[in-house]
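What follows is a short report on a single structure.
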Amino acid sequence: MDFTSDNAAGVAPEILAALARVNAGTERSYGDDAVTARLCQRFSELFEREVAVYPVVTGTAANALALAALTPPHGAVMCHELAHVHVDECGAPEMFSGGAKLVPLPGAAAKVDPAALEAALTALPAGVVHHVQPAALTLTQSTELGTVYMPDEIRALVEIARRRALRVHMDGARFANALATLALSPAEATWKAGIDIMSFGATKNGALAAEAVIVFDPALARDLAFRRKRAGHLLSKMRFVSAQLESYLDNDLWLRLAAHANAMARQLAKGFAAMPDATLCVEPQANEVFVRLRTTAIARLRKGGARFYPWPMPGDDEQARTIRLVTSFQSQPSEIDAFLALAAG
Amino acid sequence: MDFTSDNAAGVAPEILAALARVNAGTERSYGDDAVTARLCQRFSELFEREVAVYPVVTGTAANALALAALTPPHGAVMCHELAHVHVDECGAPEMFSGGAKLVPLPGAAAKVDPAALEAALTALPAGVVHHVQPAALTLTQSTELGTVYMPDEIRALVEIARRRALRVHMDGARFANALATLALSPAEATWKAGIDIMSFGATKNGALAAEAVIVFDPALARDLAFRRKRAGHLLSKMRFVSAQLESYLDNDLWLRLAAHANAMARQLAKGFAAMPDATLCVEPQANEVFVRLRTTAIARLRKGGARFYPWPMPGDDEQARTIRLVTSFQSQPSEIDAFLALAAG
Amino acid sequence: MDFTSDNAAGVAPEILAALARVNAGTERSYGDDAVTARLCQRFSELFEREVAVYPVVTGTAANALALAALTPPHGAVMCHELAHVHVDECGAPEMFSGGAKLVPLPGAAAKVDPAALEAALTALPAGVVHHVQPAALTLTQSTELGTVYMPDEIRALVEIARRRALRVHMDGARFANALATLALSPAEATWKAGIDIMSFGATKNGALAAEAVIVFDPALARDLAFRRKRAGHLLSKMRFVSAQLESYLDNDLWLRLAAHANAMARQLAKGFAAMPDATLCVEPQANEVFVRLRTTAIARLRKGGARFYPWPMPGDDEQARTIRLVTSFQSQPSEIDAFLALAAG
Amino acid sequence: MDFTSDNAAGVAPEILAALARVNAGTERSYGDDAVTARLCQRFSELFEREVAVYPVVTGTAANALALAALTPPHGAVMCHELAHVHVDECGAPEMFSGGAKLVPLPGAAAKVDPAALEAALTALPAGVVHHVQPAALTLTQSTELGTVYMPDEIRALVEIARRRALRVHMDGARFANALATLALSPAEATWKAGIDIMSFGATKNGALAAEAVIVFDPALARDLAFRRKRAGHLLSKMRFVSAQLESYLDNDLWLRLAAHANAMARQLAKGFAAMPDATLCVEPQANEVFVRLRTTAIARLRKGGARFYPWPMPGDDEQARTIRLVTSFQSQPSEIDAFLALAAG
């Protein structure tokens, strides 16, 4: 019963097998290999347009590289106040961009509030030399609270962003989990809704260490190869990263793994909905569940060996506190049942 | 017959097996796992002292993090003019240090010349605000020309560095190859000779993507955890990097793999020594051979399917040019023989 | 009737005269001159302790250098959400620190709220590698709303900061205006209340272009000389900056100029207090007045040639809006009277 | 007899007077003032084309801002190995560019050798991700050895640079001294010879603290306003910097001051030419003289109160050493005579 993070899970067997498969013989290094070439073609097909693909090994690297491609040092990145790039990456976007500023915005369910975005842009007028200049908007899909932006929500934000010539980034560390919920093609969920560049995550959903910066607008891609190398993120034996991503896409493995994780989260949510002393913070749409439980229940869960993080939320008190539960491709229905039983007492 | 780079090789079977071995169940993420804990202990034993260990996935990351730990933004890093950090990392040390300057120094056989180091330090006097301030010396072991610093050579350079309070870094991307040649313990080859921090490489010698910053002076380690995270080099599923390194050290795998690669280089060198039209640039002490061949021989080798890089050197002309040959743990004696036969014509 | 900014004023005659006075003959350049030496001694006397002094030409430079001396690239600077360093310096602290993050905090009257500071520090726990690490607190004295921190208010914030080992910076762009209000010595208003380093402003109060970073804790001063040079802020003919500051301190010129500007602001405030349709946002304690006037009055003022900036505030509506009025050492009582008469209609 | 630097001189009376002249009344701050507007127009006339003008207070700031406008963080700036930007600015170009690399090149008389430039560019091939990418060439006019590039020399270097799409910067800290020697218009000496951007110096030639980045290619100017602000180099009372430059250009003051300084250098050189034990390193073309004198003569000069810097050069020995003598607009013929008499013994 480990619900600390989808990062705590291991590697999907299909992906581990792919590593062995590409190991034979020598290969060109630094991404000039056949596997990476195939992968780029594959992503272009998946997204129904020519895309530039930069595989890396962490979501932080993908996000920081992508945002740095959009934002000059005197620029600003508009983001939700809970955004991983702002809260959990120890200033990586600041480092990669040469010191740009992240502007945290409020919004229910971890989604950027359009009015808050407008207000923040107004407060940083274009061309006024005293203020950092908004250059990018970043949206997390699925969000830090396990919710999912609908295409119309994205379009509304993109429209505001476009009026000020901002480019739009999607942090897709859990993109598969969002897509498994939305009835949309990858293209519809991204560039057709106005996304210019994305971090396409795989690690949290069964890869060993594999993410990719996907660039929908080729003009943005020019410097990325240099930025990646300079940041130490161009792997010499790149074929082993690309092979993970290739295997991840094969036979819709990524969507199947995500659908399973999402189903496990729904099973948890359903259980809590039926539990008198449990309150879901938000209806889960991906693989994360935020629930307020009585502290006695939390103590019982910990004693029973369950692992998870406390997640302080407004409304918590001495009697009841919020915890975060993250399911993964490895989560088992029996684990969910056992957890719910313990929580119910 | 692929001698382009040891990066072109795959992963040693023992290391690939280790990935599968640590895959069972969930684990704490971001390096708080049991494998990483074991690895740190293991490195302390290997180096016969308490060391701090920061696994990463590229040599560029290891070097840039280590140098940034030593060098303020207004600092200077003294290095050989052929040093990988200066020539081949697209400015990574500059990025990670916040804009420090690398000062390239001459020296035979790709080893920093002590007199050149002294002269360069004199030209950048301490406390003079107009000049960047020398803060670190970096030495590559084995060097970019496949030679190896003897402990006395290191000590002589360290002594000069110490007089100006510089810290000393070793770029050990091919440390195993150096150690397989030197009859020394890891401790003797590093901190006992004055090294403060090193990049301990494994990728070029059989790992998938695994290097480690090893810190001999704990005072230098303080900020490294933050620097690594901020650079996107803290992997969430770190156990899979640590497992590579653990397996690499098990049963002296690293030294056996390196000894094999070195033997293959010696076999090449021996062959060239017996070939009238071939001239070794320098006697190989690790797994790289630099040899000047007649252009007709080079053409014959390429036509025969051999792969390698041209390596322009002073003394090359229309008739004869220098090429670089890198052997790896995968190189086969039969490949060497075939290559030599083709070269001989 | 120019109330746009104290920056719009010229140079006090005493200070202009000082430039001519130090112009005779040659002098050592880059701050090794006799005027600068005298100035450093002078500041030590003024602050009743040995201080390190780094004259520069802008407040932005002083602030960015001071904060960079306190904050590593992975650090965070806690500040009020209206702080000049956060809002009006185009990311200078981010540039000089190598990408640190500014954490904007709420607080009435432009003063950091202690509870908000505590909460923000709790959200960025020490040693957790995912989060930037709070390293500095910066306080503006007088504040961006023309209010003044009382020593007890500073001490309370310093105490919270100290528990997390933060260093404390004072942005004293209008320090003279604060001091002219507080019945305190410079020492009491700064290091005796817990300030480690300050930006000592003169430009807004009668200098041509002269500020100084004053370092109360010598340990912080070490790298500042290099940082200043590297940022292009070490003037070759430094004597002309130091002479401005020396003249500024002579015969309490700085306090006299500030007292005059403050008196002009009080005269404005007194006039508005007697005006039925005017509402002061906050009682002015320095040389800035924020007042909500009917839009008809604002239009009448503009038509009458008065110059000032709109300053949107919560509570503004179609009928009444807030404007900012800044007085300076050059403001004349007759200007104030004329402005008030126009406003009254 | 102070020949340490033209920085040791004071301010020309005409320029000091201009400060007082623009002091009346209030003015728009941060460069929106009438003086600055006039100055920009004036520079466009001077250079016979529309130029963008960014006044700053140091040559280091001008150089670092200009180079940062040309060079991405992964870029390289080609420069002479004696270039002030490389040797004497404590890494300012690295800071402002976000970590670009300066590539020092040899060349007689402190002028970049065209063959060395070509070779260095070849060693950093375009598009190869491992290497920093050459983006700018910077030339110092007059040079660090007091020599002057002829337009043909500049054109030859520009042509090489253009083939690799490099932009070309001129460090004109002593541009007036160069122009006073060349029989050329400012336009001919700069953009007509291929210069894209320049640092136009005034401080060394009679200003208090005034330089300007002059941008000949408007496309390069876009971000400079933000870069200047962010670096703390946008002065609030900018009119006082612009007034210095305006006065500097009025009635050819700048050329008259420089012509005088140059004449003083020629008088020194003429004296040394007639002195048996003195050897000029290079024929002075601006206001710097490098001469090798017997150490006995040097001792005599010091004893006589002369001030100057030693300037170690190849060929110096125990008997004779090189010194640098810099003349300024303030140097007097009688000082030169006295110095020469002392040197002759």
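Things to note:
Which chain is which? They are A, B, C and D, in the order written, and residues in each are numbered from 1.
FYI, a residue touches a chain if its C-beta (ideal position, glycine included) is under 8 Å from a C-beta of that chain, and two chains touch if they have at least 3 such contacts.
None of these values were measured; they are calculated from a predicted model.
The chains that touch both chain A and chain C are B, D.
Each chain's centre was taken as the mean of its CA atoms, and the one lying most distant from chain D is A. By the residue-number overlap criterion, the interface of chain A with chain B counts as same, with over half of its numbers used by both chains.
Each chain gets one centre point, the mean of its Cα atoms, and the points for chain B and chain D are 41 Å apart. Centroids built from CA atoms put chain B at 34 Å from chain A. Separating the CA-averaged centres of chain B and chain C is a span of 50 Å. In chain D, the residues that touch at least two other chains are 30, 73-74, 89-91, 95, 98-99, 129-130, 226, 229-230, 234.
Only residues 2, 4-5, 7-11, 16, 19-20, 22-30, 56-62, 64-65, 89-92, 95-96, 203-204, 208-209, 226, 229-237, 240-241, 307, 330 of chain C touch chain D when the two sit together in their complex. On the chain A side of its complex with chain C, the touching residues are 73-74, 87-91, 94-95, 97-102, 129-132. Looking at the complex, you find that chain D touches chain A at residues 30, 72-74, 98-99, 129-130, 133, 223, 225-230, 234.
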